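In what follows, a single structure is set out as structure tokens and then discussed.
Going in written order, the chains are labelled A, B, C and D, and every chain counts its residues from 1.
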């Protein structure tokens, strides 16, 4: 039987010299772990000697403590008096202005039947998400120009539609690494789904199953890889795994072996996010919430004047990549990965023609052209523009591996443009996070419904009845910038 | 003598198992027709067992019931008590906010003598049209970018004017398929004119006659083809017919034979609208009206939470193409059409150089480069840009057939640019709908007056005294985007 | 002694069958002249039988009646009772809202010493000009895009400045047709200066003299050509004449001979304004003033519903070109003009490389590339772009005649760009009208002061100490559009 | 012992015929100096016979009077009664609205730990700077287009990032003229730091030392060159000197010899600011302050109507270059400078490929491509565009000398783009002025912290672990203009 502690006892361990925290009525000694916490020391010390459940849960998978804290630091449980007190405190806690706003927004949101486009879902998500979640999901690097340009780059590609072709039978389905997909779209890896909805990534797993598309699961999911695997509606539902490689090869290998054992079907090695991007809105979000709460109160308006702290400046996003491998190479990393798995390997995050050629030479199964949704290197060329250059300069690469892109895709026409230029499929990230945040699993299905309708309509109007008929001659990159209300 | 029914009797047939409706005091049993209604089941059931006249009339030609409902379903008439009650109810009905707004707008609109440009007419139409009609007329696909780019594409073409040429005698007239036209402009087919004005398409017919231009009549006109033919001011006034081909060749043939018999003079086979475009403003219009009416009332703010319905998502526009042929081909459809008529055949809706070449090979009499006013495939290249490429890449096509364009034309200079690039004439759609909505037949004449004045002025300032003198050397496509207040 | 009339007598001639008007206490019978009035019948009938002085004066030179009305129609004078009554009525007349606004604006305008740029003067002029004058001066064709693009085209030209050159002695002077000019700038012809200031064109004549630049006088000046010639500060001050050729060669010849006799020094034959441009703001101005006056009153809000009238739609601007020659040709008109004068001949209003070559072949002394300030043909290529093409395609033309441009020039850098590309000098129109409207003669001098300062600074920073050192290598047309706050 | 004067005595010398001023309780006779004052006569006469300390101090280095006024004009000291009165008056002086605004802004500014970007610092500086200082620091020539385009030009350059490279050891350091720099960034010369902060340039000197970068000191610093040299934290801290060459070679030589003696390490000869730029906001600032003070008071709203004065129109900026040499040449000036110093010589302000080639031929050690922050010649090509052309057209130049650029750099990615194109380092001017104004020395360090973080992140995401690995293949100039929220 585990040892029990009173709240009073725990509360004495409230400093960096002895730091205990309570999570779901369990008591952990995290003193030695403090310097290793990817999210920084400060955020833990804020909860030193206290209950940290509400801050911990939405951004850590349930097995995080197990994987990261040695068993002897799981020192016991809160006694029942303490547990009641913690529960009562949680219930009596005055809601923040932002929480009240979110509750009202959920009540006012339109029924899913009135949602017409992915933009609608994004607008609704903006209303119903907490300030922090919205900042984390929507923010991007620096001025967020690359994020915007990812989408605007599509707007400079126009169609040469063909008419008088038989299109009543129009099939938008395809395969990705040999797995069937109802439309040429997959869920690109995106972390921390539970920030937006208590069921988190499982909403996407179930929605993807119902809609017949494939989910790529992030290493930084807020559910455990096992929980996500268990959420599959059928045992043969394919799942792809987005690997953030740990700098320690052994830990990285362990992660890969775990997902192999769980039945995941491909490894997407992430190479575009080896360090944290500069997501200023994400970093600023807590400051802004502080200020919002303080409004009308008597507190010092100056805020925290303490010295900067590297981890603080990385925001939620930065913590996630704190242990990633900065020294991956073509020569070492691909063979290493190949040596531990027979699963298809895709490089996620290529951003140049030159590297696409190297990938083909390295013999991987696919490449995902991606600049990480504009969250990493500001001014990385938009992915559709990289695809365009690849198609033009090295069409041979498309014969050697499958090419995907993600970043900025919001309409069926965007998907069609990528396919005309040789992409086998495209990934969407944020839209699925927004959809599950606002409408759970049904929201995920809705995204696919909308895209499918838009893709089929577009194929028919282009004169294509299957995806193979989408060819480069059907698109033209123009030298002017259309005005787009949403971009 | 037809059987008569009381209101009470009719009102019992108010479900999908037995669905009767009253239109202009006639009673119809539409139970079996429900699944075939292009506009969906739901909208009919809303009026099941009730008078549907006001909803039915503006969007169906008077012969729609005759053509679509078997005679045995025309089951009788409303008795005189019922007819009075219906009439009284119509008169006592409280006007909606939108109806009141429209009435006030009609009173406040400026006299036609103060209308200086097609933009003026569009602005006025925006004021005087019902929300629903404006949404239907003005909306376009997705972000409506193609609709906007159609117009903006003209703004990237500048003139090289020539001076010191004799231009006092300046003749802007031309012929279209051999028919004389006072200016190189025709009315491009546009549906449902009665949404904007009770006299509908007949306003255009009479206005076109007075102004000396030619009207292309849509298959989806809100008057019958016969009514429009009868509206001609002289028996030899030419009319073109815009054919939406029914998927059933027999029904399609019947439609063609009908207009041949009525004396129509050419067939414009529509190939750019085989499926409905995604016109979100059109789909949203009824939701918005609902909300407008509910404002200030106690009703549930949530609206309809019922499951989506394919037809509901198509809006007014979608219903019109529900039965169109998705499997037309060059090999089958053109010969089929040629086999049933000797009239000139024009393909309406070409959007690529490649298809223009195929059309020339197919031996049709003309092609209308059109992306359906940006209402169908978002990112279809602007029609003037297709014309520009056609002129540059395949000048030989212009010797084999007549080339027209439509989409985005609002000024005489737009017309002149198209003619410089080889177009024989250009079509305008929305402006004529707007003009007849705001000012009836006189509005239609006004449009031509304005364009004629602008075309003649432009020709003189360009140094051209007849349309044949408008040549490619007079235009240049520039690589910058001018700022245009109206675009 | 002239016959005298009472007001009562005059007032009986108030219709098109007998129409008399009083101007400066003189009585004229204009019945027969009505159909010939370039400004239309309607505006005269408004004053039929009444005093028309205030409407007549600002837009007609004092010799207009002499030149256009036969002596027998100068039928007499108003009697002294009538003259007093007219004077009293003028004094008692309630000022319009716009007149009151203008008076206040004149009081509030900043001293000239605080005016830093031509933009400042334009902003001030916008304040102090009557609505009608502003509309006439500032308006341009259609969407006024060409007017805007004239200026924006300069913003796409950047400099390659040269450093480490001797520039302390920097001389911005040049010659134009052999006449000395303190800077490479002249006053381009612009009509109706008295709309903005009672002294009108004479302000410009005197200001130009003081500043050492040359004025081009419009055929449509609001002072007589003689009055302007008399306003010269020295007898040898050069004046250029902008000829709008009358369709009747004899009348045109008379006009040319008049200015030769008055000592004008060159003829600028206008070829870009043979018909009136479509200046909608100019046309709309009287409607807007009407509405402004009516605000708060009980009058019918509907305005005039009478039938359109061609002349009404031309605005102030249109009337001025009503009798111009639409059939000028290279073969006939240039030799005709050469036959009646030995003065230098410049073609004003060339807009294409092709016509510049024809001008060189025709042996004229200069060409002024101009699209009439964007007031005539919308989408005429910006003049600096025509110059750029001419320099690139036909550099030989610059050896055969002098090349000038006007349109959109507001800064010294604009002048320098034109000179780098081969222009001998540039014309400015509106800025001088604005300056004399706001500050009279001193405003005109100020414009030149500002430009001179800007030109000298620019030359020094470019590494040029005289205008001949401004060469094509110093400029580059870029393929992006800078953001310009003023454009 | 110096002579003492009463306030009364001084006050009698209040005109251009005898003009005395008090500065820090010393009395100076500036009568003969009036015409030589670079800032014009008027500003001195405003203080004639009075205490001028507060106006004098922020814009003159302490040794300015010593260097410019002969000793016999230092005529004595204020007596103690006068000194007390002056002090009391200064204390009792009612603060201006602008001073009150600045005080409040300093209290409200966020702690430095919450500053995330150089844009943040600029925004804060805008708040805390006096209107006059902001106008002087931020203003640029004419429409300030070149200033804006300097920054926007960077936004048209995108990256081709490389992945799977070892970047855990990432070193952003470099050398400039052989001197070590922690990042490839230096402080570009910018005048009058004391306008923003009492410690002025010394803040930058100390901050640069702490951060390991090099400061270029302007000839127009508001501290003496000696004070700045003394502010160095270590004796070997390098300092560069930005030479504005006086038109008198002797005076210029004296200036160079002074800084050599003080241990400065290189001479940056300024060639892009031989005359004052047209900084209208700078000129307008005093007018605007006047108006602000007058608001609500009874004073004449008209302001000063006196004649313009050349110096008045130059603003604060103009005065600084009033005596500069306008006749420098490659043949004379470089050898002259070489003859008086063995220090490295860099030409600051090259703006064309042609001149870069001449510089290489002239054998200088480096060139700084610069258009003076857009403050001099409007439409000078953005410096990164000059660098781009130089790289493409004359790559050989980079082998012969070091190339730097400044202008518009605000992000680490901007720095990386310049380095990819061959720049050895880049200069920033305004950001350091803003930082020291808002946060003193710590602000300067913060700028470098931010840039270092951004540069290292960017290098890693580009696949470069040292600056030598930044190569032209990593960048691409695109033909579209991204939307940038900050530009």
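Definition applied: contacts are C-beta pairs under 8 Å (C-beta built on N, C-alpha and C of every residue); 3 or more make two chains touch, one makes a residue touch a chain.
Being a predicted model, the structure only gives us computed values, none of them experimental.
K.L.:
Chain by chain, through touching neighbours only, how many steps does the shortest route from chain B to chain D take?
P.N.:
2
K.L.:
Same or different for chain C and chain D, where same means more than half of the interface numbers show up on both copies?
P.N.:
Counting which numbers both chains contribute, under half are shared, so the two copies meet through different residues.
K.L.:
For the two copies chain A and chain B, what rotation in degrees overlays their C-alpha atoms? Round to the nearest 5.
P.N.:
Superposing chain A on chain B takes a rotation of 90 degrees, nearest 5.
K.L.:
Please compute the C-alpha centroid of chain B, do the same for chain C, then give the distance between them in whole Å.
P.N.:
Chain B and chain C have C-alpha centres separated by 45 Å.
K.L.:
Using the average of all C-alpha atoms in each chain as its centre, how far is it in Å between chain A and chain C?
P.N.:
Centre separation, chain A to chain C: 63 Å.
K.L.:
Which parts of chain C, given as residue numbers and ranges, touch two or more other chains?
P.N.:
479, 481
K.L.:
Which of the chains are touching one another, listed as pairs?
P.N.:
Those chain pairs which touch are A-B, A-D, B-C, C-D.
K.L.:
What part of chain C is in contact with chain D in the complex they form?
P.N.:
Touch list, chain C to chain D: 108, 110-114, 116-117, 155, 157-168, 411, 413, 417, 449, 453-454, 457-458, 460-462, 473, 476, 478-486.
K.L.:
Spell out the residues on chain A that touch chain D in their complex, using ranges where they run on.
P.N.:
Against chain D, chain A makes touches at 142-145, 148-149, 152, 156, 247, 271-272, 274-278, 280, 283-284, 287, 301-308, 313, 326-330, 333-334, 347, 349-355, 358, 371, 376-381, 385, 479, 481, 487.
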